[in-house]
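By written order: A, B and C. Residues from 1 in each chain.
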Amino acid sequence: MKQALSERAVTERPMIEVIGLGHTYESRGVASRALEDIALTVQAGRFTVIVGPSGCGKSSLLMMMAGLRRQTEGTILVDGRPMLDPDPDRVGVVFQDANLFPWLSAIDNVAFPLMLRGLGRSERLDRASAMLELVGLGHAGARYPSELSGGMKQRVSIARGLVQDPPVLLMDEPFAALDEQTRMTMGEELLRIWSQTSKTVVFVTHSLSEAVYLADEVLVMSAHPGRIIDRIEVELPRPRTYEMMATATFGQLRDRIWRQIRSPQPGNPA
Amino acid sequence: MSPSAIRWLIGGILLVLWEVLPRAGLVPQLFLPALSQTIAVAIADWRIFAEALAVTLSEAAVALVFACGGGILAGALLGSVARLRGLLLPVVSSLYAVPLVVLYPVFTAWFGIGAQSKIAFASLYGFFPTLLGTAAGIQTIDAQLLVTARSMGATLSQRLRHVVLPAAIPTVIASLRLGGALVIVGVVVSEMLTSSAGIGYLITSYRTVLDSPRVYVGILLVLLLGVLLDLGMRLLEHAATRHRPSAVPRRAAPAI
Amino acid sequence: MSRASMLAARLLLLALALGLWEALPRLGWVDDEILPPFSAVFVTALQLLQRPAIHGDLVTTGLQLGAALIISVPTGVLLGILLAENKRLAQVCEPLLYFLFSVPKSIFLPLFILTLGISFWQKVAFGCFSTILIVLMSATAAVRSVREEHVLTARSYGATRAQITRHVYLPSMLPVLLEALRLAVIFSTTAVVLAEMYASRSGIGQQIASWGESFMMRQLFAGVLIVSVTAIVINEFIRWIENRCSHWRS
């Protein structure tokens, strides 16, 4: 497993670069610093988790990476180019709610981005069904969102995020609305999909265990102002297993994140 | 016995009573003519009723275009522009308290006793509820879906066509359903008040000569018309909202 | 926009509408026989309100409306609660009630004349008939809006039946019932005015209809103005109470 990590290190290439990002928003005349001096680099193929208390701006950061929110200070480069508008060729997004279109079947939901690009129907459906297969829903393409469970919806949403084969997948608390058991399964599933597709994943969550379980690297954010106060390399071997959650290493990592969030110490080793 | 069986039984008993009570002299024939007599009159006079119904229907159709066209457009505008909604929605719901029927004499004074007045009144009658229904429905469109589409690089026109339009369809159909019901009532009420043709006119003129069976036939026909329209719209609604558990919130139709 | 500026904007809008009403006939763009200017209508309305005959009409209409509400609202609420508390009854009746609810009530007006003649009680009866279903169904909804968890919580603290009624049921149901009252007023006003316009010897509705038939446009518009303003004022008053009683709602 150490071998695999070092192999990846050989092909290192920055996929996402955030340089001097800041954001101030005003509400009732009071300026509030949502993001301050965010700098980070995500290497291609890495799984990065951003964790932090609510209101720390982690979702804002992700939305800016997706080109869905305007950047006011600083730059975000994805695949070497600025990310000013949504670009499905570079970035797929999975939201907290699956946000499936209720009037489309699962397969049509996955094919939706391709339809926007004007692809022919048969090619759309071919690619969409391959994606559904990847997320383990090959049998459910004809079902409508109202006929799917929460976990299944989120799988469809992931398939939709991957259908255009973007190098980057951004996930904004995708499992937050799911129950604990589904959440565990989905985490496992996500890691399997990630290892099969070698995407660069940035995953936002407020669950510490989820962060440690999934990540190559965990970025810890604090609120007011929203900044990155710690970076933690998770050197647990892959594939990750449920049993690892009971190990001392896992506990120490989770403990370190919790201490950071509870009493943020600005200027901590970053 | 299942609830629906009981309902059928109640319906059956009511029909039997409708026949027996007047025949037995327990209820004056003036108040309630026997069912068989009512049906006989309907069959004998079917041509007169059919012609009147055609007049009413054609006027209702025109009014439906105005009421729903205007109501859906204005409702979509109010539903999608938050500032406008904040400004005008309270005004619209205040106006909703006004018994619109007092305006009918104004219309007959302006346009005379004919189709124009009836169409004007029925259009107005259907307008406000359609507007309120559409505005409420448009607001239920999930903003997250629009963000999602944007994350896939959908252009504005693509978002309108592939997200807003399909999301709004149930609302539009529900508005048509509500508007259709109201417009028919609007036409019939104006015909009952002052007019020279249509099913409402027929009902009133039979009432003044105390021809109960024909009054009942007229009322039943209007009811039937409403039920059929509602059924048709419901089928359409059902087809359009098959996969949406939480479609448009059902608004109580002010069926006065 | 703040609430104050919102209100100001609405008042401006009202002023614009009234200004347009005033200007159109004054500038000769519309015949003032067709649309008398607002000021003239307003003056006519004030004059009408001083006439004893109009007082009589307004009192008649008000009495009919009041009687219809006094009969239909309590009856509707009681029947609604009964329906909500009795599952079997609800299963049988609710589809029927939904159907009746969607049926236009106004077309039954001639039947009320055939059975009761043209009279005070005929209008009251028609008003009740038009109103009772909305009250009944709102009351059912009100009972169902009481959350089981709240009742359970109260019971777990040893609340008596009376206490639960007083402290859980009533506050939960009150806003819905007030909304029902508001709708009941709207529905029965429409019903009574329509019944007066259709066939009557007195009442403001009858006056409006006869002014219309004799092309007395000033009086007609004045009548419409009086009815509209009264209806809006009553409606806003009930809504004000509603808001005060449900401040804790979102």
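Some observations on this one:
Simple rule for what comes next: a contact is a pair of C-beta atoms (placed from the backbone, for glycine too) under 8 Å apart; a residue touches a chain by one contact, two chains touch by 3 or more.
Please read these numbers as outputs of a predicted model, since none were measured by experiment.
For the pair chain B and chain C, there is no chain touching both partners.
Greatest Cα centroid separation from chain C: this falls to A.
The innermost chain, defined by the distance from its C-alpha mean to the mean of all protein C-alpha atoms, is B. Top contact pair of chains, counted by C-beta pairs, is B-C. Centres computed as Cα averages put chain B at a distance of 19 Å from chain C. Rounded to a whole number, the gap between the C-alpha centres of chain A and chain B is 50 angstrom. Taking the mean of the C-alpha atoms as each chain's centre, chain A and chain C sit 54 Å apart. Residues 1, 6, 9-10, 13, 34, 88, 91-92, 95-96, 101-111, 113-115, 130, 134, 137, 183, 185-187, 189-191, 193-194, 197-198, 205, 208-209, 211-213, 215, 217, 220-221, 223-224, 227-228, 231-232, 234-236 of chain C touch chain B in their complex. The touching residues of chain A, counted against chain B in their complex, run 66-68, 85-89, 91-93, 95, 97, 99, 101-103, 105, 112-113, 115-117, 144-147, 164. Note for the complex: chain B touches chain A at residues 142, 144-145, 147-154, 158, 162-163, 166-167, 169, 242-245. Here chain B touches chain C in the complex through residues 3-4, 6-7, 10, 30-31, 83, 86-87, 90-91, 94-106, 108-110, 181, 184-185, 188-189, 192-194, 200, 203-204, 207, 210, 212, 215-216, 219, 222-223, 226, 230, 252-256, going by the rule given at the top.
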